[in-house]
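In what comes next, chain A is part of two complexes: it sits with chain B in the first one and with chain C in the second one.
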Partner chain A sequence: MRILKLIFKNAFRHKLRTFLTVLGVTIAILAFGLLRTVISAWYAGVEASSASRLVTRNSVSLIFPLPVSYKEKIRQIEGVKVVSFGSWFGGIYIDEKNFFANYAVEPKTYLQLYPEFVIPEGQKAAFFRDRKSAVAGYKLAAKYGWKIGDMITLKGTIFPGNWDFVLRSIYKGRDETVDETAFFFHWDYLNETLKQKAPGRADQVGFYMIGVTNPNLAADVAAEIDKTFKNSIAETLTETEKSFQLGFISMSEAIVVAIQLVSFVIIIIIMAVVANTMAMTARERIGEYAVFKTLGFGSFYISALIFGESMFVTTIGSAIGIILTFPAAEIFSKKLSTFFPVFNVATETIYMDILASFLVASVAAVFPAWRAVNIRIADGLRRIG
Partner chain B sequence: MKVPFSYSFRNLRTRRLTTVLTIAGMALVVFVFSAILMLAEGLQKTLVDTGSYDNAVIIRKAAGSEVQSGVERPQASIIETQPEVAIGADGKRLLVKELVVLIVLPKRGSDNPANVVIRGISESSMLLRPQVRLAEGRMPNPGSSEIIAGQSVAKRFKGGGIGETLRFGMRDWSVVGIFDAGNTGYASEIWGDVDQLMQAFRRPVYSSILFRLRDSSEFEKFKTRIESDPRLTLEALRETRYYEKQSEMMAKFLRILGITLTLIFSLGAIIGAMITMYAAVANRTDEIGTMRALGFQRRSILVTFVMESLLLGFIGGFIGLFFASFLQLFTISTMNFQTFSELAFSFSLTFGIIYKAMTFALIMGLVGGVLPAVRAARMSIVESLRAS
Partner chain C sequence: MDDTPIVEIRKLSKSYRRGNQIISVLNEISLDISRGEFMALMGPSGSGKTTLLNLIAGIDRPDSGTITVGGIDITALSETELARWRASSVGFIFQFYNLIPVLTAFENVELPLLLTGLSRKDRRTHVDMALRVVNLSDRMDHYPGQLSGGQQQRVAIARAVVTDPMILVADEPTGDLDRVSAEEILELMERLVHELGKTIIMVTHDPRAAKKAHVIQYLDKGILNAHPQADF
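This part shows the complex of A and B:
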């Protein structure tokens, strides 16, 4: 117990220095936590995807459509339970800055495939009934102040013109990993309009979403679908929703890697700061350590003093940092909802925070402890300042 | 009377470990700071070099990018006959009707798929883009399934090298040439004959029209006329503006990331410098007292400690920049969120960045050093002499 008291007293001998170090650690852990959260937000789409859903798209690339007639053919394939389809609409709400995902889907099957979008029954029926209606995520509706029954106009980028929708439902996520910023509406509305305005582009869909009876069969079903349309004018590429999402992320991999690197750099920076504090502390107390040695305390005791102090200071700092991460993530999530629809602090992030602070404390104490242990008593006593 | 500069310098040398650690912290911050600036600069440079001010791009109204756009043939013909289009040396109009689509290609080595832009070109496409030149092989023959690849595609994508073939649109396309587009966005594209590509992809419409203006100042007039013409649903943009718009989101993302990170990081480094300087002052209380007794003024003491801290910042900044300059050897390729296509750009170091990074390092040193220096300067002679 006495050693704990000594560590505690030692840590507060230089109040200003300890305060600054704690502050530094707090900032670093906060930044580290937020950066890790950015990375997990990047992967949020993958986390939220289901293993029993397949995505079929044109094998050339996403911008090429598939004929709507494929729907029946896909449904005949064994292992397929539900087939839904849709098109990426890419509409702009008032200004390009207000980006959110919006697509045209076949409503009934789509909601059947996505049980995680929770819509009150009455609203759901109203959405199915009205072909010009749309569904928006809870966060999205809150951001623009939309209410049920509001008229929303999107300017089409892929499908020209202004498109009017009536908001009939607002969905909530079943849990917090669900993206609550999406917007979707009846594919029929899109298709019927295209039939009149641009008949050449009608009866085409951007993607098929397929629910399989058994997730273990997903790979076989995917292969079977692609085989069916081999050598046709629109060959398909089918993959699980997860790998589809991962494909997107791998395209922006460089950024993820950069953020990851940067998150480690901040830990190294704070390591330098804490190591600096510990080095100075140990240097000032070299004389005391020599006294300890003279009194017969072993090197274990002396290094425990230094390690303990380093651990104490970093732990306070990182505890504050971890606590602050949550409100900070809340603010970030509001500001960056355009980039990251889902922005939650993961449990692993907290574990990594703790690990990082432990690492910082140990590394920072190693060199001063080594010096204190190895200095000869006579030298230690002789040294001043 | 001033305290000699060598005093500050020697102090740093005496406490080597502390000095090294503080400098290392600062160097890392400056490294990250300049890396982000270099990245933003590289992106900017790529985009600015990609477009020329005298060229106009025509896309469908509100399409935002060539990939989403569609220009029907009759509309294209109307644009072609506008008087603002420049005439080339051979008497032909310097105007090209192009097709732009995305295809998925696997990368060399990792097999990761990425979206690559395929551009259907015609004869004048090269002429309109002086920054692009054929580096190897030859141009594709019109009417054949031949393509040329940008140097970045050739290097990084499977089947993109000269003599190799790529399969898309139910045909095999042989790569007959590599073009060098320098640091521009074209380096990540594949070019082929527009008519062949339109057939292969079953696209009856062009994506965009690009032409050289007869007189650059006529652009505004042309734009107003085209955009109010009831036959056309098109919009005109200067090529430079078009490419700038393409990466606004990316640039914004880099900016937000950069500012946030730099702020947080610099706080950390300033705290580091402050700890060091406070310790430097505390350890030298009697020294300061002696100097004051010798007749050095408070102001000289203040300047000395600020100088020491600035020196820390300067060395840190220099080391950080030194390592950051090696980043120029790397190229970043990532997906542009706005166009969904691959965009490669490299870190680029300019004098502006060096200047900013050094200023930043010195400011960090200054902020970290001022408070401790003030404390040193305020010490009373008697008290400080008694301290030891």
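This part shows the complex of A and C:
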């Protein structure tokens, strides 16, 4: 108990220095936690993807459509359970800055494929009944203050004109990894309007979503789909939902790597700051360590004093940093919901925070402890007075 | 005082390297210190007094020669054995007290007992007794910064005697004190010798302090000479 008391009292001998070091560790752990959360958010789509879902798109590029007639052919392939389809709508709500994901989908099959979108049965039935209806995620609805029954107008960018929708459902995610900022509506509404205004663009879809009977069959089913449409007017590329999402992330991989590097650089910087604090501390107390050695205290005790103090200061800073990460992530989540629909502090991030904190404390104490343990008692005692 | 030597030093040599130069500090010194003796070690600055004291106390290693304390050749002990031996057999009194500033007088005196395996209750009994010996029981909860120099040195003496060591080594124990405080400390040390039978080896520059000792050894140019008390 005495050693713990001594560590505690030593830590507050230079209150300003300790306060500044704790502050530095807090900021570093907070920044590290937020950057790791940004990386997790980047991969949120991948994490939320299902092994039993496939995505089929035009093999040339995602921007080229596929005929809606492919649906029946895909459904006939062995191992296919459900086929849905949709198109990226790219609509703007009032102003360009109000960006959110919006799709035209085939409602029944789409919601069948995405059981993680939880919608009350009454709202679901109302959505299925009304072709001009739409579904919005809970966070999106909360952001714009939408209520069931509200009329929402999106300005089309890919499909020009003002498009009116009645909000019939608000979905919640089954768990925190589900994006609650999406907006989707009936593909039929889009298609019928196109038939009138731009018949050449009608009866086309941006992608097919396919549910397979067994995830182990996913590769075979994907190969079979692409084989079916080989040498057709629109050849297909089918991949698992996870691969599809990773394909998007690979386009921005350099940014992810840069964020990862910055997060580690922050830890290295704070390691240097804490190491400097501990080096100053040990240098000032070298005479005291010599006294401890004179009295018969061994290397273990001297090291424990230095490691303990380093651990104590770093742990306080880290604990505050970890606690602050949650409200900070909440603020980030609200401000950046357009870019990061799912911005949750993962348990792994907290583990990494703790590991980083432990590493910082240990590395910072190594040299001062080594110096204190190895100094000759006579030399140490000469530093006093 | 018992004539049996508690400390036996034989042909002890110690030198230091300064750059390319080797400076011989102690040159084949031999010395016996009797049990219950109060010995003063004097000499000009740089004569090797503190070096000799450090060697006797086991906080430095000689180049050659042997030091036997209480029948144990401490020059043959490993660092760990030596640390254990110091904890149980030697009490240290320093010029600048060397108390830990963030610990109270009680906690400072208790420090050496943390290595003994005594229970909390037994440690308290020992510390109470040691503080009573130095007449500081009423200041046990004070921090060193709240005590005068003389009081701090008395706490240091309590810390030195709390484990009931075989020998006490004191390096200029009155060097940082005013005359009145110095006199109190010297009287306390005399009491430790006469009433508790402690053996004290004290390095000092102060002839008044040396006068309290039974024997004065004078160290100069690595050679040790015993001086009768009348010379000082």
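Simple rule for what comes next: the second predicted complex is superposed on the first by the 383 of 385 C-alpha atoms of A that agree within 3 Å, B and C clash if a C-alpha of one lies under 4 Å from a C-alpha of the other, contacts with A are read in each partner's own complex, and residues count from 1 in each chain.
One rule holds for everything that comes next: contacts are C-beta pairs under 8 Å (C-beta built on N, C-alpha and C of every residue); 3 or more make two chains touch, one makes a residue touch a chain.
Note that the structure is a prediction, hence the values are computed from the model and not measured.
Judged by the touch definition given at the top, the superposed model places A:I233 against chain B, while chain C stays out of reach.
Contacts of A:K9 after superposition on the shared chain: chain C is touched, whereas chain B is not. Within the superposed three-chain model, A:R17 lies in touch with chain B and out of touch with chain C [touch as defined at top]. Touch criterion met: A:F339 reaches chain B, while chain C stays clear of it.
Legend: residue contacts after superposition of the two complexes on their common chain; A:F297 is shown touching chain C, with no touch to chain B. By the document's definition of touching, neither partner reaches A:F264: not chain B, not chain C. In the superposition on chain A, A:G287 makes contact with chain C only, while chain B stays out of contact range. In the superposition on chain A, A:L381 contacts chain C only, with no contact to chain B.
Counting the residues of chain A touched by each of chain B and chain C gives the higher count for B. Touching of chain A by both chain B and chain C, each in its own complex, is seen for residues 384-385. Only residues 50-51, 54, 57, 59-60, 80, 83-88, 92, 94-96, 98, 100-103, 107, 110-112, 114-115, 159, 176 of chain C touch chain A when the two sit together in their complex.
Contacts from chain A toward chain B in the complex involve residues 14, 16-17, 20-21, 23-24, 27-28, 30-31, 59-64, 90, 92, 96, 99, 155-158, 160, 200, 231, 233, 235, 237, 247-248, 250-255, 258-259, 262, 265-266, 268-270, 272-273, 275-277, 279-280, 283-284, 336, 339, 367, 384-385.
Note for the complex: chain A touches chain C at residues 2, 5-6, 9-10, 13, 287-288, 291-298, 376-378, 381, 384-385. By the touch rule above, chain B contacts chain A in their complex via residues 15, 17-18, 21-22, 24-25, 28-29, 31-32, 60-64, 67-68, 101-104, 112-115, 168-170, 201-202, 204, 233, 248-249, 253, 256-257, 261, 264-265, 267-269, 271-272, 274-276, 278-279, 282-284, 332-335, 337, 340, 342, 388.
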